[in-house]
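Note that chain A is present in both complexes that follow, paired respectively with chain B and with chain C.
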Partner chain A sequence: MARFILVRIATMLVTALCLTFIVFWLTNIGPNLEKIARSEAGSRISDAEVASWLERNGYAEPVLLRYAQWLGVAPGWTRQEADGTWRGRCLGPGETPEEAPAFCGVLQGDWGFSRVFRRDVSEVILRGLALTGALMGWVMLVMVPGALLVGIVAGMREGSRTDRVLSTGAILTTATPEYVSGVVFIAVFSSSAVGLRWFNGSATSAMDAITFQNFTLPVMTIALYGMGYIARMTRASMAEVMTSQYIRTARLKGVSFGAVVLRHALRNALIAPFTVIMLQFPWLLTGVVIVETLFNYKGFGWTLVEAAGNNDIDLLLAVSVVSVIVVLLTQLISDIGYALLNPRIRLS
Partner chain B sequence: MTEPLLSIEKLSISFFTRLREIPAVMDFSVDVMPGEAVGLVGESGCGKSTVALGIMRDLGATGRITGGAIRFKGRDLVTLPEAELRRIRGREIAMIYQEPMASLNPAMRIERQLMEVPMIHEGASAAEARARALEVVRDVRLPDPERILRAYPHQLSGGQQQRIVIAMALMARPSLLILDEPTTALDVTVEAAVVELVKELGRKYGTSMLFISHNLGLILETCDRLCVMYSGEAVERGRVADVFTRMRHPYTQALFRSIPLPGADKTARPLRAIPGNFPLPHERPPGCNFGPRCDYFEQGRCDARPIPMAAIPGPERHETRCLRWAEIDWAAPPPDEGSRDPRPPGAPVLRVDDLRKYYEVASGPFGGRTTRVVKANETLSFEAREGETLAIVGESGCGKSTLAKVLLGLETATGGRVVLLNEEIQSTPVEARDPSTVGHLQMVFQNPFDTLNPSMSVGRQIIRALEVFGIGTPRDRRERMLRLLDLVKLPRAFADRKPRQLSGGQKQRVGIARAFAGDARVVVADEPVSALDVSVQAAVTDLLMDIQREKGTTLLFISHDLSIVRYLADRVLVMYLGHVVEIGSTDQVFAPPYHPYTEALLSAVPIADPRVEKTHIVLEGEIPSAMNPPPGCPFQTRCRWKHATPGMPCETEVPPLRTLAPGHQVKCHLPDDLLARMEPVIRLPEDTAA
Partner chain C sequence: MEPLTWTGPLGDWLDPLLLAAAGLFGLSLVLRLLAGLVPAPAPEAVVHPDGTLGLRGGSRTTPQAWALLASRATGALVLATLAAYLVGGLLLPYGEAGIVGAMIRRFLPVWVALGATLALSFAFRRRLGLYGRIFDSPVGTTGFVLVMFWVYTAIFAGVFGWIATHDPLAAVSGMKNRPPGEPLPAATDWMAGAHYLLGGDNLARDVFSRMVMGSWTVVQIAPLATLFAFMVGITLGLPAGYRGGWLDTALSFLANLILAFPVILLFYLLVTPEVVRTGLPTWMAAAMFLAPILFVAVLLWSRFRTDPARAVPLIAAVVAAMGWVYLSFISQPGTPLDFMGRLDLFDVPPGVLVVFVAVVFVNAPTVFRIVRGLTMDIKSRDYVAAAQTRGEGPWYIMLWEILPNVRGPLIVDFCLRIGYTTILLGALGFFGLGLPPDSPDWGSTINAGRQLLSIFPHPAVVPAVALLTLVLGLNLLADGLREESLRD
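Now for the complex of A and B:
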């Protein structure tokens, strides 16, 4: 088991390294840097001024070297201005290279500075994650039990009227992407178009205090989409389990239908959807981009959009690292949970 | 007379599809007395399993009981409300199924599955239930019951799983046990032990049994009375002894004539297959269902109206569904099909010399550094001559399939030599063999249902084989294909059919045609008939024999069914844990002196002839894993002769292959005088009289 987890963590690190390098390289190609210079130093500066600005702010060094600096394996750049003050990656205002540490990268715990938000990246990311965490938590709380319940009820009597109604509903919700269902929900439940002003069309106030009114629509928008998918997986798995021979054995032992479903079928039927549910986490991360923007909720997804739109290099890199960790961590949990549910699988 | 425990009267069960009603069981009656074991025999699709599930009233969403009554202890199960029914299921009537692995919940420990029964039915506490579980697991003679109870089903072997299924059925001391092909998925020696156990427990608990099987030999060993089913109907009922010796229904007779009993001989007394095919449930003929395939059919009488059951005077409760039973001369010998001349074997075509195949198995799923060597084949040596049938016999895991793979080039040998027609092929994988070698050494597979491409027509698949073997020109291949269909006695019109339109036997014929497409000199037939019904087995076996006689092909017949081996093999090779433990002519292997494993194997095979006397040898324990074979003789852990003479090196040395008679070799340490004293395991009436 320990070996398995170590292998997984190593994979995670390698993936993060590759991904961040790609992001680093893309955000550091010429035109992007020029855009940064113009947005920082004024849009009307000449090409020569752009070059000197980049030179002065350490952007002119080779990409690989700068990537190493970001990682914290190469010393940060330093530079003495004409007036004798020092500038550098690791230097605070008024510091000299002797006073500041030579290395200041991710390995040293310094994630850099966000140009857009004018704050430390770690601060921005943590705030975004906290907000998105709240959203995802509620989505999972609604989506997973709901989907499993729908799937199991539909699958335990395959072909029945209940099954057909629930299955049709599940297909409908999966077939409606968030940007459609979100807009429809806002129109129906929070605008004067229909007149049902039950919920808030914006979740901005939920950043301070979550209420039923301001959070229902974003949560439902994401949850419904994923719910249909998980429900259909659960239904298929449940229907298969219900026709298996050991369920017949249980039935002919005299076990009642309810006990057959709960004691004999459930655990076996959950093995397949469990992986799907864990796969939903990274996928939710992209889902929240749309929903957070739509409902003006300033979480992780919204941060990503802002960072990408403004070529905020440090912030984008941190966002990619977080994404890699989320994806691979959920995979790890999924594999371990799978082994716990299924006694036939042992990881080592 | 006592009241029957279970009395099925004129039961009819239908399945309803969107198209039509499919009657699966019609007008079926049987009685089971307290303490009695009743057998239900028939081929697949005859409705015997449907009867079992009908008794339990578990027919799924589409099945329905359309008529009749199932009286159990005076109550009609057909009209019983669901809640009452649940109280009977598992407590009064318990069931044992065909595939033990599939019948146990994979995600539940054995103990919980067992404890559940008394907890539901008797309101027992967990501790009481567990104590009962422990007791019953001891009763089914499983070693280390505590460990078994804590295990999950996949951690047990097939035989152990079946014992657990039996234990589960016995948990509530039911008065009726329904066994649906309980041993079909098991090896013969394991089957013998399970059958022994079921009989003993039946006696111990006084349980009545309904034993469903297609194997007449098993029924003879386990049951008091039997009921033969054909196409949804009971055709003959009576005491086992009466039905086996004085059958009064043409189908029963035909069934007995199509199974290889001791004394049957492929040249002098060949088997008789039942002509024609099983009628589909919605295409049954008017009158007698068996009419179109019956030798005694009389037009205008047998197909005029439904045939009722007729009681036969004399023997107790012997009935038949035949109008002409009184007119038929039952003692008349089967119509002579003409004996065939045996063909003397020719020169050796295949020589296997000291063949070894080892697998390296990684111990962990991540390819841990420690690998273990599995010796699947160990120093195999034999020779097969032209036109000869060499049977390779052994239980699962003995290495017979590995041998087939090495011969065909699906695996390459670790050591030794395989010589086919003066060409060494042991280390040439099949991709590297030239087309004629591939064509010369072909295989007929066990399962005809999986080995044909479902989306390609039959003719196309045979032509494809011809292309692969590089035979003929594109133009005359179709003609060759049609001739191959003639060879396997299939109508030429079948060339354009898809495999799904064919029955199991017909599919296997296509498989045989494909194997012979490249003028095969050696054909490896891996259990070619074990997936087929009894009446079809005879036809396919005879077809193989006919083709062999005509073409002089060498047949390597891999099988676990010793009855059929005895019938058709010229020589027999017995394998155990990768070793050849005995090789010799069929007569030599089937008569003493035996290798102790051969002796046990012969004794384990159920024989459907009440006149045959058998010595019962039940092998204790499990077949050791090939990963971890015992030291010394591979069979020493289960050998009953091991302690016969003191000081034998059974536990330390692998025995040498000794020659007992010309062509008869045995891998055993037993001294000659002891081997000479061995008695025959199977005694025919002629033998005992002599």
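Now for the complex of A and C:
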């Protein structure tokens, strides 16, 4: 078990390194840097001025070296201006290389500075994560019990009318991406054209105080898309368990149907959905990006869009590190949890 | 000129009828649920004079049976009313059946093609293999009808220019954000094109025409991109699963690497204009789209390698033809890869190639994982061992022994994946990536319409519903196919 986890964590680190390097390389590709220079130093500057701006701000060094600087395994660049002041990656205003630390990268806990938000990246990311955490918490609270209930009810009598209705409903929700259900929800429940106006079409006010009015639509939009998938997996797992020998034995010895479902079938039927729920996190991440953009809720997903749209290199790297860690960690947890829940599986 | 109402004069008496029928249908369903709670009298066993056993009583006179009959009758009434709308829309003159009727009339070629397809497929369904068995399941049939509706709409609108009433890019002044059924300022005659059937968007363009033309973008890109993703995934997944070892480790690591990327981030990184300018997507296209040529070449060679006299010219001809299409495909004026000149067969519109590459790139790793898993499962079967004993080469075994035997799950996944690709295309449009902003594809239209969503919902809701029905159709079709292929 320990060996398995160690190997997995090592793979995770290598994956994270590769991914961040790809993001680093793509965000530092020629035209992207040119765009940064023009947005920072003025859009009408000449090509020579762009080159000199990049040179002065440390963007002209080789990509691999700059990646190492971002990571914190190579000393940050320093440079003396004509007037004798120093500029550098790790240098604050007015500092000289002797005063500042030589290394300042992710390993030293320095995530850099966001060009768009004019704040430290760690601050922006933490704020976004806190807001998204609230959203995800509510989504999980709605989605998981709902999906499990639908799946169990549909799967306990496979092929029945209830099963058919619920399964078709589950297909319908998996066929409705967030940007479709979100648009339809806003049009129906908050537009003046239909006139129901039950909920807010924007979740901006939910960043300060979550209320039923401003948070129902975003939560429902995300929950609905994931719900169908989890429900179908639960249904399949439940239907399989219900045909097994020990369930038949329990029925034959006279246990009532309800007791069989609750006491005998449920525990085994919930192993597979657990894995599926854990693996839903990466999917939810995409949903969160769409919903936060649609409902103007300035969490992690919204930060991702802003960072990517403006090529905010440091912020984008931090965003990708966080999302990669979320994806890989949930995979690890789902594997370990699966092994713990199901004694027949041996990790090796 | 007057605006159109939703159902026009025809609706004056059909609408109340539909409402009543739907209400009764709902009521009968409730009755059925209630009747299900009452225990039915058990049927009585009787001995017939000839000595056989039978059942008497029970089903015919119970409340359950009455409720079932009631729900069937009212359900049929609802269907008949809906059919009346369809027939009314087709036969009555323009405007008599309102917006619904006018739209049904515009879709006339689709109804004809759909009817013909269904009639022919249903008549010969026993001879059509898996395709014919779709029609044994109501779920699969529903899905098939939905999918084919959009496919025919796309073809008739995109190729023949039939269904759309207006140019999807042309603005008519005075029609900005107008509600559905609004007449054009210049229109005088009651004829097709006199109204914006589903209203105008915020640039005064016809929502209905844009929705119809948007299907052409989706139907062009989604199946082809999925097919390419399958070619890439199969070409890499078969050897990874069959050989195992370092090849499997390396390819799986790469696949997991791509899968660990949040899709949206990947799109932003690949599809922004700055990255497109470096030519990176074009180079990726050049690398990835080699996969189909390789696939077909290896497929043919592994089959005919014992007969080089036939194999060499055949493969040379196929590779030359596919190579020409490949080169025309990747060579675009205005990108770093522009070398074909006069030999270039066709040009892919700007943005489409990039979107295409991004979608294939996102889908291929998942297909790879599925194919790899299936191959590992099947490679220990007897017929694979038999082929190995015969001395067949590894590629023959992979492509002609293993691949045909995993086709069931792959076909089902193909359907699902086209739906997923449609969702991805919509997501790209939603974030304004890739396709030009005035493109009528559904994602971009939703994106444009969401700014004023709470005041004028129709420009965003129409493409949203269109996308929903297409993806739903694909999902239902996949579900029907899965059910039918499991029945073997």
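Just so we're on the same page, the second predicted complex is superposed on the first by the 346 of 348 C-alpha atoms of A that agree within 3 Å, B and C clash if a C-alpha of one lies under 4 Å from a C-alpha of the other, contacts with A are read in each partner's own complex, and residues count from 1 in each chain.
In this section, contacts are C-beta pairs under 8 Å (C-beta built on N, C-alpha and C of every residue); 3 or more make two chains touch, one makes a residue touch a chain.
Because the structure is predicted, anything quoted here is derived from the model rather than measured.
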item: Which partner, chain B or chain C, touches more chain A residues; value: C
item: Chain B versus chain C as contact partner of A:250, first or second or both or neither; value: first
item: First (chain B), second (chain C), both or neither touched by A:282; value: second
item: First (chain B), second (chain C), both or neither touched by A:7; value: first
item: Which superposed partner A:174 touches (first chain B, second chain C, both, neither); value: second
item: Which of chain B and chain C A:15 touches, first, second, both or neither; value: second
item: Which superposed partner A:23 touches (first chain B, second chain C, both, neither); value: second
item: Chain B versus chain C as contact partner of A:192, first or second or both or neither; value: second
item: Contacts of A:268 with chain B and chain C, given as first, second, both or neither; value: first
item: Contact set on chain C toward chain A in their complex; value: 139, 253, 256-257, 259-265, 268-270, 272-275, 277-278, 280, 419, 423, 426-427, 430-431, 443, 446, 449-450, 453-458, 460-461, 464-465, 467-468, 471-472, 474-476, 479
item: Interface residues, chain B side, partner chain A - complex; value: 56, 58, 61, 86-91, 94-95, 97, 99, 102-108, 116-117, 120-121, 152, 154, 165, 168, 364-366
item: Chain A residues within the chain B interface of the complex; value: 3-4, 7, 159, 244-246, 248-256, 259, 263-264, 267-268, 271, 341-344, 346-348
item: Contact set on chain A toward chain C in their complex; value: 11, 14-15, 18-19, 23, 26-27, 29-32, 34-35, 168, 171-172, 174-177, 179-180, 183-184, 186-187, 190-194, 201, 282, 285-286, 289-290, 293-294, 301, 304-305, 308-309, 311, 316, 319-320, 323-324, 327-328
